[in-house]
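By letter and in written order, the chains are A, B, C, D, E and F; residue numbering begins at 1 in each of them.
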């Protein structure tokens, strides 16, 4: 029995190892070249850890380098703020939107009663531009609209199914509040195919940010921490130095 | 009084020590050759710890090496994803299904009101192919459908009884969310005959995965940790190095 | 004032120090020879710590060595599984049952509405064979059937009273789930006359099991840990080595 | 400003420093000779820490040495068990009862609806034998009968007032369950005039018991731990060795 | 920019730094001479830490040295006990009461339904003797009477406003139960102008008590611990030795 | 790829890096010169950490140095107290108010039923003086008025939107109670564009205060702690010495 070498290239059965490159430097190398196509991965992180930038890069890379349209569904941030802040990293989403390669859905003010209708709009919009990449920012915010855990879980399963059928790879952002030891409702991490963590670490001097891939179904992923580096080219992951 | 040697072979009273080999390398040696026939064991683990792969091996080994049909009941993963991901480890469930040796039941979207009917379908399907191995993925997801603990506990007891009468050995997956110190509702581990833990351990560099058998009724089981190794032949357990 | 020596034999006032030997090697020495007659002691432990084996030995010892019939009330384990697993340790409960010295009551599927009737059956059965030893497996499971703490506490008091009048010594199993720091509802340990803990301890290599007597009314009990050893002769307690 | 020396004898203003000796060796020295007359002190402790023995000594000492009748109100232990267990320490409560110097009230099965009537009986019985010492075992059990915290607090205040008017010194037992870091409902310790803690400490070898006086209104009390020693003469407190 | 020296005397703008000396030796020095006039400060502490004595000194000092009448509002302690215990420290409140300089309001048995009326009485009594100092013992007890946090917070704000208009400096006692890490409902410390903590610290030998000023609006307060010393002259704070 | 140097000046795209200087010495340097214009930042802190002073400086600096009117919305402190306490630091808000450059809204006694009307008043007042700076003291207090998390989150989003359209930069105070590990409801930190923490640190001697910027959207912020220094010129942040 041969153990899989870290970062090894597994022999690709037909259609077997179809990867969606994230465009985040240092991440794709950890997960055999990208997210499994049509899978749903969680990107969980503390405030300011770079979840938004990373997922923006994911969409931008898809639209500009892979010919894959993308949708950003926001229960958290507003469109104009998102577009302005991302321009800083050279990501011109206004341009993408004009070309019909990008849609931003602002659901920040969705209340309990409107959640079903909202999700229907979401699906419809994803299909309308044949989007192959989707970011939900965040499932934590969306989950507040459900009465109980089982409803939220069933919706997440249904949602995952629809996106898979649409061949759409999904990044589900999960908010990890300061002081919290767990991730959201405790089931998202099991429903999702992947789990990437952006952590904020405190030491005596200040804070540092690091990333780890804790789960990636059908993927021989690296299990070490990496540093999160934010530069004028966006987020990249570099080898971890303690 | 002679203490039982680790891994000792206890003299087998007639029908006394009938074992179901799991097909997971390194595990059977820890538990006198396999799970006690017709027992129900919990396989609890963190996200990405390998619960799905291990339980798939358990079913595949049964169907291909022991002539025992198997059922995978999923409240968590979808059939096509399961089949595709398992192919990576050389486990061809599509083939098994065609031969009538395997069934995959997708209950991911079961709501509270449907739980009783769902369980009836489950039992019926298990009996229909005279399944001798069953995986429930996961009890954590299934338990969300119950109003209170006592209902969930009673159903689990009833379920265990039916499977035992059907001579079906059951692996009950339990989700241990990131940051959680306990296992599910706190009673599963007492109802079940066995408890195998797949843990994710953090150190300064990253994460590692290890397994331990914490309980196995009627079995002189090893009480040490083992490393969880995932290779292209699936999961195996190897001696633990700290 | 002379301090009681550990393990000292206190001068027995008439009927004062009547003991019920447990048949668990190493335990009776810790508690002046056995449980106080007609008392109710808690045996609390983690999954796989040996609660069932120990309480089976308690009943078997009574029936075979002391001429005391016994009843095992189960809200947790099934009769055939119990009988089969205990045969491994040389405890033949099927034989005892045939001789009318043992009864196994299976209440695993008792729901909230049935709890009062169930307890009546329990008492009736204990009296019917003039049982002098009783095991309740477990109070944790039974307690799920009560609406609130005060009901559960009152029932436990009533129950204790009836058993004492029947001169029946009771072992009340309490489940301590993985990750839990407390014992059940928090009052059992005060209602009961004794409290024996079976703990699972983790170190870097794996798990070990140890026992301690934390409380025994009317008894000068040892306050040190002992190792739990499970051999083909069942459970015994040996001096603790850290 | 002269700081009060530990164990100093403060000049007694008329009626100012009237003390009720507890009869527990080593305790009275810590609190200027005894509990302040007509005060209410909490004796809080883990299971098996000796709360019952200590409070029995308190009553026995009063009845035999100080000419003060006593009442033991039990929401926890039964009379015959109490009397039998205490005989072991040379405390003959049956004799005291015959002489009309002691009453044991068994309220172990009091339910929510009966709590008011129960408390009225309690007060009536205390007054009927002009009891000057009262033990409530335990407030933790009694508190289960109240709907909410404010009701329990108001009743405790009322109760304290009545006992003070009756010139009756009260020991209120509070149960500290294994694993609990706090004392009861969190207000008893502020309502009561005194707070004595009986703690169970774990080390690598086993458990030890120690006592500390954390609060005693109107008293210059010692603030160090003492060992709890249980001998055939009951409980005594000795200098603490770590 | 000149940093404020510890204990510095800030140039007093007219009416700017009007202080109310507490009469507690060692405290006034920490807070520029006393509490800001008409402010509301929290005195939070564990049982037995000296909250009652300290607040009694605050009132006594006002009435005897500053010509400021005072009111003690008790949801916790009874008048006669308070008066008797304080006499020990040379504080004769009976005398003060006779002279009309002191009032003790006993609200220990206030229930939910009576809280509004109770507060009206409180205000009326404070105004009736033109009280300039008020102690509420305790807000923790009073808060039990409110349905929810927002009601309690609004009442506390209203209360603070009335007392300020009456030019009355208020000490609000908050109970910190054993084992608790937080202070009351979590908002008092933000509503109040000051926060003084009386902590009980455990070491291997026993307990010690220390004080710290964590907040004092409009005051350059010392941020170090001090020892709490209780002598026959009451409470004083002395330099902290670890 | 060039990593952004700490404190680097990023090339300013038109309108891209428009900053609102806070007037808090040492803070602006950490965040590229100030808060992003029209953004909403959280200032979270323990009691007495200086939140009020810092936010007062923010408003005063705007009104006196930048020609930007400001509004202080208080659910916590009263106007006269605020004005008096701030005068100590040379901040004359009475003067500002007279000139129409400052408004103080006192909502300390807002109850659940009044929250919508209250927020409407808030917005109206901000617009009435064309306020470009807003302080909400505190969101913690305001949030008590909402029935559930989703309502509070939706209102916060709506609020953020209105303020952005009004080109008003908002500082949202969040109360971190003593003993609390998390910030408010757990979502504010994700909704807000920035997160500044004022922490109180305990050591053996006493407490110290330090600040850190944990998040600032569209900003290359410093990630180290700084000391909080309160002098007669208000709050300033200085390099951190452990």
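We adopt the following convention: a residue touches a chain if its C-beta (ideal position, glycine included) is under 8 Å from a C-beta of that chain, and two chains touch if they have at least 3 such contacts.
From a predicted model like this one, the values you see are computed outputs, not experimental measurements.
For the pair chain A and chain F, there is no chain touching both partners.
Steps from chain C to chain F, minimised over paths through touching chains, total 3.
At the chain C-chain D interface, residue numbers used by both copies make up under half of all numbers present, so the two copies contact each other through mostly different positions.
Seen from the C-alpha centroid of chain F, the farthest chain centroid is that of C.
When chain centres are set by their Cα atoms, the one at the greatest distance from chain E is B. For the two copies, chain D and chain F, the CA superposition rotation is 120 degrees, given to the nearest 5. With centres defined as mean CA coordinates, chain B is found 30 Å away from chain A. Per-chain Cα centroids separate chain C from chain E by 52 Å. Within chain B, residues 180 each touch two or more of the remaining chains.
Chain-to-chain contact here is organised cyclically: the chains close a single ring, every chain touching exactly two others. By the touch criterion the chains form one closed ring, and its order from chain A via chain B is A, B, C, D, E, F. Of all residues in chain F, only 1-4, 10, 13, 16, 39, 148-151, 153-154, 157-158, 160-161, 164, 180-183, 186-187, 189-191, 193, 195, 212, 214-218, 220, 222-225, 240, 242 touch chain A in the complex they form. Taken in their complex, chain A has these residues touching chain F: 25, 46-48, 52, 76, 78, 80-81, 84-85, 87-88, 108-112, 138, 140-141, 144-145, 175, 177-180, 200, 204-208, 229-233, 236.
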